[in-house]
Amino acid sequence: MSLQEHYRSQARELLAAGAVKMVVGYAEGTTPERRRPVFITEPEECSRLVLDARCRTNLAGYLLREGLLSDGREIAVYLSTEGVRTINILAAESQLSSAQVRILGFEIDRDEVKAMEGKRAADFSEAILAHKERRKKQAPDELAAKLEAMNAAERFTFWQGEFSRCIKCYACRQACPMCWCRRCVVDNNQPQWVNTSSHTLGNLEWNLVRAFHLAGRCVECGNCGRACPVDIPLHLLNRKMTGEVLEAFDHYPGMDEHQEPALASFRKDDPETFIL
Amino acid sequence: MSEPFEPKIVAFVCTYCTYAGADLAGTSRLKYPSNVRIVRLPCTGRISPMFILKALQKGADGVLVSGCHPGDCHFDHGNYHARRRWTVFNSLLQFAGVPEERVRFSWISAAEGRKFAELISEITEDIRRIGPFEQYHALIAETGSPAPL
Amino acid sequence: MATLLYLESLSDCFASWRKEGLTVLAPVGEGALSGFREVERAEEANFDLLITRTTLKELFFPRTEPMLGYRIGKREIETEEFMPPVEGRIIFGARACDSAAMAIDDALFDWDYHDEYWFRRRESSVVFTIACREPDEFCMCTSLGLSPDSAKGSDVLLRPLEAGNGWQVEPVTDRGHKALSSIEQHLREGSGATAAPAEVPVKFDLEACRSWLANKENFESPFWREISERCIGCGSCTYLCPTCHCFDIQDEGDTYQGIRRKNWDSCSFQLFTMHTSGHNPRATQGARWRQRIMHKFNYYGGKFDVDSCTGCGRCTRECPVDMGVTETLQTIAAKQKQSERT
Amino acid sequence: MARIGVFVCHCGENIAGRVDCSKVVLALENHPGVSVATEYKYFCSDPGQEAIKKAVREENLTGVIVAACSPRMHEATFRKACAAAGLNPYLCEIANIREQCSWVHENPDEATRKAIEITRSLVEKVKRNSELHPIEVPVTKRALVIGGGIAGIQAALDIANAGGEVVLVEREASLGGHMAQLSETFPTLDCSQCIMTPRMVEASQHPNIRLLTYSEVEKVEGFIGNFRVRVRLKARYVDPAACTGCGDCMQKCPQKKIPSEFDCGLGKRTAISTPFAQAVPNKPVIDSRYCTYFKNGKCKVCEKVCQTNAINFEMEDEFLDLEIGAIVVATGFQVQDTALYGEYGYGRYADVVTGLQFERLASASGPTAGKVQRPSDGAEPKTVVFIQCAGSRDPAKGVPYCSKICCMYTAKHAMLYAHKNHEAESRIFYMDIRAAGKGYDEFTRRAAEEDNAGYIRGRVSKLWEENGRLVVRGADTLLGRPVEVQADMVVLATAMVPQPDARELAKKLGIGCDDYGFFSEAHMKLRPVETATAGIFLAGACQSPKDIPDSVAQASAAASKVLSLFSRERLEREPVIARNNEATCSGCWGCVLACPFNAIEKKDLTDRSGNVLRRVASVNAGLCQGCGTCVTFCRSNSIDLAGFSEKQLFAEVMGL
């Protein structure tokens, strides 16, 4: 049985038994290449569930829809390792209870979709640890390497060009499962720390602040980059931050649901080579 | 002849250590360039990265962020939290193309009046050398905000 | 006999216009980076592009527009109004859907007040629209009563020659005529065969949609929640929409000086209708999506006798969660048909 | 509209000598929102302050900027002056144009320009200042002392003798702690029990002290002056009110072979027992782990013999909720588990004992009635080897710090032993002799010079048994050669370590621990008795290894802190504290983690029928110290800091 079928029948059973009230998964999209998030509540609808290498969206953020989890019932979600890490972070930040999240785990390896065994976020700790080790060794991608090789002025020019395209639609924020603030800092106008206008200065401020707020929290799921209508390489900023917290604090976001946020904790011997 | 470039430098400091260190530089009558403007905060823990961005928006060519040495924080560990934030934000700024020399971080205790004076002199000299932060100023100009009266 | 403009003389045309002090803009770039930008030569433009990612509206209604500068003194506040400069522009190579959108928004910007910012730019710009030869799967202009070679909102319509080496030129407005007279020497009379315009299938019955939306009972239909369940409330569809025109006025400044700006805003945002009290009349994404659809296909028509959509398909094409106007209207049309049957 | 007054001080020539104050005044006069700008020679003088007060009243000012010396100098002065004129003192800010301007810049034009800019940006800040009022909290004049060792007893007595109420909580069945276990005490060699017991009795009978033995702190909430503490009274199975302490039950208890904790396993006790003969209160408890009835459901011999019907097997743990104003933590230490030193053979050879065990052997009330005997065969040892730093100052295996008391008590052991057994020979392996303290160096010298303690500078590498004796091999680093000593007994000066559950208690109390688990003081030098949490103080070895005089001194110091707190009806605290916007808070608790003072609590927001809608952060005004670390953490900008608010700082920076 294919994984798609396997999870379809699992979803069906979970719904039929009343173990979960909803399954959040993927369905066919408008075009053959597209997959879309789908919310299934009836066992007979489970045949709509699709799982293949095109299922890239991190669905974890949907769990934070206001009121969705407030009845204490469980919801099943299709999640990759990044998605499971998201659940860990959301649980660590008290935005949900991991006991309410039944995971249908999968991993995409090139064009193959593979099962990941486990039901609860805590069951995936080994896979997450392996990801952490891999992430430590991961070389920066081509563009990132190019940027690192530039001097400051060139880098500034590069980003100026990228940010000049930003239309301030905030799709990056909306698509991000970590951006769950009841009020985003940019929407606070007393004082207006971040310029809301879509001029380059405002765009730079917005993107820097978002990257800072995601430092030590971003799981690199890619939702923001896929959502950006003007293809700003946001992932470069987030990856830079992830690399930084990993190297400086050995912090890999979403290891487990008790992990303290990198920026709300510290060690007395944290590195400080840049401090005069 | 045009006037020599005098950078605008903004320093965000905690009141217990670096601010007191700056006061000590004063009582010791140590001399340093007048380019720096100090913003006093209760603790480095209160210094938000937003302050740095706003200082740059106000045309600062350089920014200094400074507080108590590790272990000396009046609030026990505000500076440890601050250090993590700085680590991350410093890396972010550099990745975004803000030259290292423009945003500096330091520990200056209440006893280090000399260190304060010397550091301000050094930072001012560095920034005089690399010149105004024209790339950032260009962004400010792009906003079209008028010059003050 | 028809007037023809060959691709090979386009750079000369650009030069002639530029010589007159006009700015020439054309579609450039690929994919997400594509948009209208100033060009000097024809080669810089990308006419193979079906449609730019960002729309024509940006050239008339920028993302952020300075309205007023102010400087604060001890006893007085000095203000200075900003108006866009009236410099002539040739916008060469728009698509029919984008150009039509300008005409649709004209009504809005000349409704309860006359928006100088919009009309100064409209009046000083000449839009050359190129009829489409190939649609993509998201195109749906025909569903909105338009067509790939619609001249609505255009000053000059260009029909591609079969051979792909130029266009047949049809002036639409006086502004179009005038712009063409500047390049008369580069135009040829001839009878080159023009390519058939793209065949864009009709995707929904607009009349049926209008009827369903006009039925007050459907306002509270659970359909709105169901169709928008996966909507993440990003503003992409509105910001990429050629007709969406909502804006917010923001003051940016400090004690000494500041600037008042008109910034794009979006009905998809939670904050759009949030009251100071914390109450939000459109509290859910479903309510926001309903607003967007109702506005485009009910309210706007009621006010201006035209729907606020040209079928460019960007909302569906670029939606990160695969939503968009198309599916919504298809479903609505089906619902209406079903209710008519029963 | 803002009506700001700007007062530019000349400070004699100190400011005016470099800064053109008239120019500053002129520039500020033209600044939006400034109603009056003046200069004067010395604003801190009486006439200067009067001028400010007059301007506040006459110009009806909404804010005051004094451009003068450092706020660290005269902020209080000028705020007081403003308050006297009816302006909230927190609407006054100081622009530092002396220490940070006129004194450090030589060029008058530059200094003047800077003075103008500094002052202007503070005008912008003060426009956004809000009236703040000192936070007043009532003080419950009842102290909780946790731990009934010498430090806890001392603190409790000091507070009680000054009229304060004290609740003294001890988790064992008797007061006394480690000091009660000791034989004699250095450097005077007076009997520990003799000086300790009267204190225990005094504490137990003091009208102001409520003694809760066999009890533990369960939960602590609240803040300085207003703690709510829940204490667990463990089930004793003996009604202390009825029990007369006759001891019949202990006599008859069939479980007689239980290793006595008090005697460090060297003696035996019964299942119903007092920890030691002089226990206070001298009333036994039943140890349900060993009691035959609890194990087999049969026995109840004690119940049968008890004449006052004090035994009650149905007893359960009880909880007591207390209102407390201040807390003294005096939970003491533990002796490090010596098993980690395999080379010293502890646990393997019966005659290798810890220092504390040696105390029990040497104690007149101990299992051998003060006769030093080998645990293995009861023989009197001839040669005893003492190994100092058996765990201390050993980052590799033990603890990196010095346990401070071992040099002294080892010298004492050698002396006690020499006094008890004139033939005796003692050899002491040491790293350094640390005998700083009144009479201490003299004491160790006496051990070596008069009582024949043979000091060998070096460490022990190996220890084994040979022909019924222990062979200790080590290095004599002074002579630079290996040594081997035949010993009848080996005493290890094991390290002092924190109580194993110290971190747990720290969490309950909301105080910090160092890397080892010793409780952290607020400042090592200047606030060694306070913790970072206001109203909680430390005494004794729970903070760091200490001997008796140090523990007693710190206990009295902690008591004096408590008493100075109790000397006031209400506490006034600086209103520079954080506040949370509950409407925008998402309850991620980052602020809770970041707060150094545990000042942020979780609060339920409920609808009218009491259903919890969501939980948000809530700042406890009594605990917040105003550092603002939470503000910077808060991504949604929900938490703000009064006096250094987001609006104020935005305006100050944008005013630069």
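As written, the chains take the letters A, B, C and D, and residue 1 is the first residue of each chain.
The rule is simple: a residue touches a chain if its C-beta (ideal position, glycine included) is under 8 Å from a C-beta of that chain, and two chains touch if they have at least 3 such contacts.
Since we're looking at a predicted model, the values are computed, not measured.
In terms of C-beta pairs in contact, the better-connected of the chain pairs A-D and A-C is A-C.
Rounded to whole angstrom, the centroid-to-centroid distance between chain B and chain C, based on C-alpha atoms, equals 46 Å.
Centroids built from CA atoms put chain C at 32 Å from chain A.
Averaged C-alpha coordinates give centres for chain B and chain D that are 37 Å from one another. Contacts with at least two other chains are made by residues 192-193, 195, 197, 199, 202, 263-265 of chain A. Within chain D, contacts with two or more other chains are made by residues 583, 594, 633, 650-651, 654. For chain C, residues that reach two or more other chains under the stated contact definition are 72-73, 252, 254, 256. A complete topology is adopted by the chain contact network, contact being made between every pair of chains. Of all residues in chain C, those touching chain A in their complex are 31-33, 53-54, 63-64, 137-138, 229-230, 232-236, 238-240, 248, 250, 252, 261, 263-264, 266, 269, 271, 316, 318, 320-324, 326-327. Residues 583-591, 593-594, 615, 633, 635-638, 646-647, 650-651 of chain D are the ones touching chain A in the complex.
Residues of chain D that touch chain C in their complex: 29-32, 34, 124, 583, 651, 654-655. Within the complex formed with chain D, the chain A residues making contact are 93-95, 180-185, 188, 190-193, 213, 260-261, 263-265.
Taken together, the chain B residues at the contact with chain D in this complex read 8, 10, 15, 19-20, 22-23, 25-27, 29-34, 37-43, 45-48, 51, 54-55, 57-58, 60, 74-78, 81-82, 85, 117.
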